Amino acid sequence: MEYFLQQAINGLTLGAIYGLIAIGYTMVYGIIGMINFAHGEVFMIGSFLTVIFITVLGSLGIHPTFTIIALVLLLVIPFTGVWGWSIERAAYRPLRGSFRLAPLISAIGMSIFLQNLVQFLQGARNKPIPVVVPGGFTLVESDGFPVQVRWLQIVIVVMTVALMIGLTTLIHRTRFGRAQRACEQDMKMAMLLGIDVNRTISATFVLGAGLAGIAGVMVAYYYNVVNFYDGFLAGLKAFTAAVLGGIGSVPGAMLGGLLLGLIEAMWSAYFSIEYKDFAAFSILVLVLIFRPTGILGRPEIEKV
Amino acid sequence: MSEPLLSVRNLTMRFGGLTAVDDVSFDADQGAITAVIGPNGAGKTTLFNCLTGFYRPSSGALHLQAAGHVHRLERMQGHRIARRARVARTFQNIRLFPGMTALENLLIAQHNDLMRASGFTFLGIFGWPGYRRAEAAAVEKARYWLARMGMEERGDDLAGQLPYGAQRRLEIARAMCTEPVLLCLDEPAAGLNPRESAELNQILLLIRREHGCGILLIEHDMSVVMGISDRVVVLEYGRKIAEGTPAEVSRDPNVIRAYLGEEESAA
Amino acid sequence: MTVPAMLRDAGLAALVALALALPVVGIRTVDTGAVLGLDYRFGWVAIAVGIVFGGRLTALLLYDRLPRGPRRIRTKGLAGRSRTLVRYAAVAFIVFAAALPQLPFSDRYVVDTATQVLIYVMLGWGLNVVVGLAGLLDLGYVAFYAVGAYSYALLAKNFGLSFWECLPLAGAFAAFFGILLGFPVLRLRGDYLAIVTLGFGEMIRILLINWTTLTGGPNGLTSIPRPDFFGLAFTRSPAAGETAFHEFFGLAFSTQHRITFLYYLILILALVTGWAVERMRRLPVGRAWEALREDEIACQSLGINRTTTKLTAFAIGASFGGFAGSFFATRQGFISPESFTFIESATILAIVVLGGMGSQVGVVLAATVLVLLPEVFRDLAHYRMMVFGLAMVLIMVWRPTGFVTQRTPTVRLSDFTPDPGAAR
């Protein structure tokens, strides 16, 4: 039971991170109907920025206090936002209205490019950073098995929940949110009604990239090591989460992320760690076969 | 009296809480043109989609009598309805294969026969003479229909680049290439000018006369409906409100209230 | 646009470039034991920003001079000419390919690279059936390549079967996997299908890595039997009772023999693939694939079974992948999961799309470009994949429909005499 609880806590943390990345996929898919394949790389860049900033601060003799780590987080968000904006501007916008596979191919190219760019610029080795948020507490202990909760895990889950609430408000209460939902329904009509579609799409990318950046910071703090190829698998998992929750639905992405995180943690704990990615992809396949709209997605009727 | 070609019995189609087709029954005869009319949203296209297997009806029966065999369309898979029961259709918003030539469109309609002739590809790939003969025959049939539609010289043009009226006609030709016993046309005159519309009438009459298949027609253009149909079925809000000859229907007070009256006041 | 507006626009672009480059380019983390060291190179940042500013400004100035209006698409007139053109190009390609190893400039490196190109041509033609003709986006094509390679390796090693015996089996296994994969997922919409196939590709790779008893795990399989020439081995000193190729033909032993033989082997395999795909395209099955790509609903209304038609495309595409995989295994003599990563799938897909979906000639062009591109940049090994990714984006933006956009109709009315009932 204690072992299960421990895995649940770890799974929840992982799931929150998947959820944050998944929101980027789901929002972009919702608005322009494409899988932003390079989204995982934005997350990876977020992790690298964290490492760079923490190292720079460390070299200046500044130790990571709470203020500092929060500052790094706030600094990373706009930077990944710019990456998200640039990717859309350079690789996807010129292809809008082209045949449907073109942006996806371009996105795959972008993903390959970014991965190798970071490898070239920063090196292929694992980049370690010191533990910045140490400590935690023991939740329960029995039979000599302590259930540990790290402070950082609480931070990650709480922050994710807060971001979710903020994002939901943003989408349902603000002008941008309304424009975003309008574009999702009917882009041409939204344009005719005077909504700046290009700007709305760009803003969606920036928002998604910002959230991926936050996830990147959290992963860097949580695992204390980053690598240039981290983005690919994380991106794929997050996409799985988005599909699981129902692509196009923001709460669905979060739910899917949490579920996927839990399943992965449990699978690694009770079955085999080697096949944990296998399990994640099996879920993707099973969901798509039996419930292609995901948990919270709207059903789509084949139009004749 | 012989059995009707198609008998629709108590057909109901629900989408969640919405009942698009509600307990509709009617018959369509061999060699006759049956028009289904009604205001927008009356459930006409839904009826067609049930008939051609794109939707599975919530309840009711769709029986097609062909060559002494009864096909129960409500239970058949979509592609089997076209293949076995020989029900062909066109679409409200033309669905040709736009990147392929008109001739190719017509050959795809003969896919199942050609597939068999090519030995399911295994013989065809080595240039089996039987397949070459079958292909030549299929091209001949396509040429016949192109000529009938007055577009013989456009056979090698891309379907998507044909003028609108020609696309409509090509879609009918494609449906006819499947040798249907029942041809379902979803607003074939939509977007046609009066001259093209009159040509369409002639084509439909020719199909009825020379090929003997039943035609089921959804149409808003009253000149087409009144001019050529043998029977008219009127739907409103998913229910059948009238049925009869064009003359009977146009006198029916329900129809005038629901449909023709509005049409006239709008015109 | 006025010049000040252009300057402002270029300035903004430069600002964005600065934000992108400042931390990631300007600061490099260096491994120095336990703690990361730092290496500042703000000069690079300045160069990058300068390039972006200048590039954007030049682009704006040039764009201003360009004639406006929608790009004209040529539709007619070319069709008749392009058919003979394609035929000449095909003949020229085959003649050149057949003569290549005998040409004066050919050495081991050239023949090896050409073999590489042909592997990708074959894979491209195979995937073209799925993506180009049937319009099903498959991001896990490498899985079938892997199945083919491992099938050959395991059959040849464990049961002593020859290459020619293994080849059909490998193709059959790959086709079987294709059907297995395809059956549940083929009713999914385009993008979903793409991701599921990507998932399948990764699953196969994970299986190859972890199923150590069968596949040798991450280390892969070694000493896979090499091909022989009708029983004649390409070895310097053949086993007792066997004859080597050079002995039989009375030649001096040369490693070049095997390389040349492998080259002709893949040339034949690729040509057979190309021939089969082109034939199928002109048969009912191929037309049904293309019709499916154009409009699935219409297909169903014409009595075409969508599922079986898609499955045949998947199975046939997969079997060509399997054949190519067998060849790969026998050529390398060693295979490991590392050869079957997602990048490989992306490369093959890029070849199909860059070539112009559905175009056989386009695949040859694109495969040549994509194989030679990294070869040209070989000295800059670090940039290779980076350039590859960037090229994918740029080519897509520049020409989303690929190199060859002209589609040759599968049948022409004018080829048939209008005499009724006439059989040719």
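The first chain written gets the first letter, and so on, giving A, B and C; residue counts start at 1 in each chain.
Everything that follows uses one rule, which is that a contact is a pair of C-beta atoms (placed from the backbone, for glycine too) under 8 Å apart; a residue touches a chain by one contact, two chains touch by 3 or more.
Computed from a predicted structure; not experimentally measured.
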Innermost chain, where centres are averages of C-alpha coordinates: C
Inter-chain pair with the most contacting C-beta pairs: A-C
Chain A and chain C, separation of their C-alpha mean positions in angstrom: 30
Inter-chain centre distance, chain B versus chain C - centres from mean C-alpha coordinates, in Å: 43
Centre distance in Å when chain A and chain B are each reduced to the mean of their C-alpha atoms: 49
Two or more partner chains touched - positions in chain C: 297
Per-residue overlap in chain B, given as positions that touch at least 2 other chains: 54, 91
Numbers and ranges of chain A residues touching at least 2 other chains: 302, 304
Touch list for chain C against partner chain A, complex: 16, 19-20, 23-25, 27-31, 34-38, 131, 137, 139, 184-185, 188-192, 194-196, 198-200, 202-203, 206-207, 209-210, 297, 342-343, 346, 349-350, 353, 357, 382-386, 388-393, 396-397, 400-401
Contacting residues of chain B [partner chain C, same complex]: 52-54, 78-83, 88-89, 91, 95-101, 103-104, 107-109, 111-112, 114-115, 117-118, 120-121, 124-125, 131-133, 135-137, 139-140, 142-143, 146, 155-156, 158, 161, 174-175, 178
Touch list for chain C against partner chain B, complex: 75, 79, 276, 279-280, 283-285, 287-288, 290-291, 294-295, 297-306, 312, 407, 409-414, 416, 418, 420-424
Contact footprint of chain C on chain A as seen in their complex: 29, 33-35, 45, 48-49, 51-53, 55-56, 58-59, 78-79, 82-83, 85-86, 90-91, 94-95, 98-106, 108-123, 125, 127-130, 232, 236, 239-240, 243, 274-275, 277-278, 281-282, 284-285, 288-289, 292, 302, 304
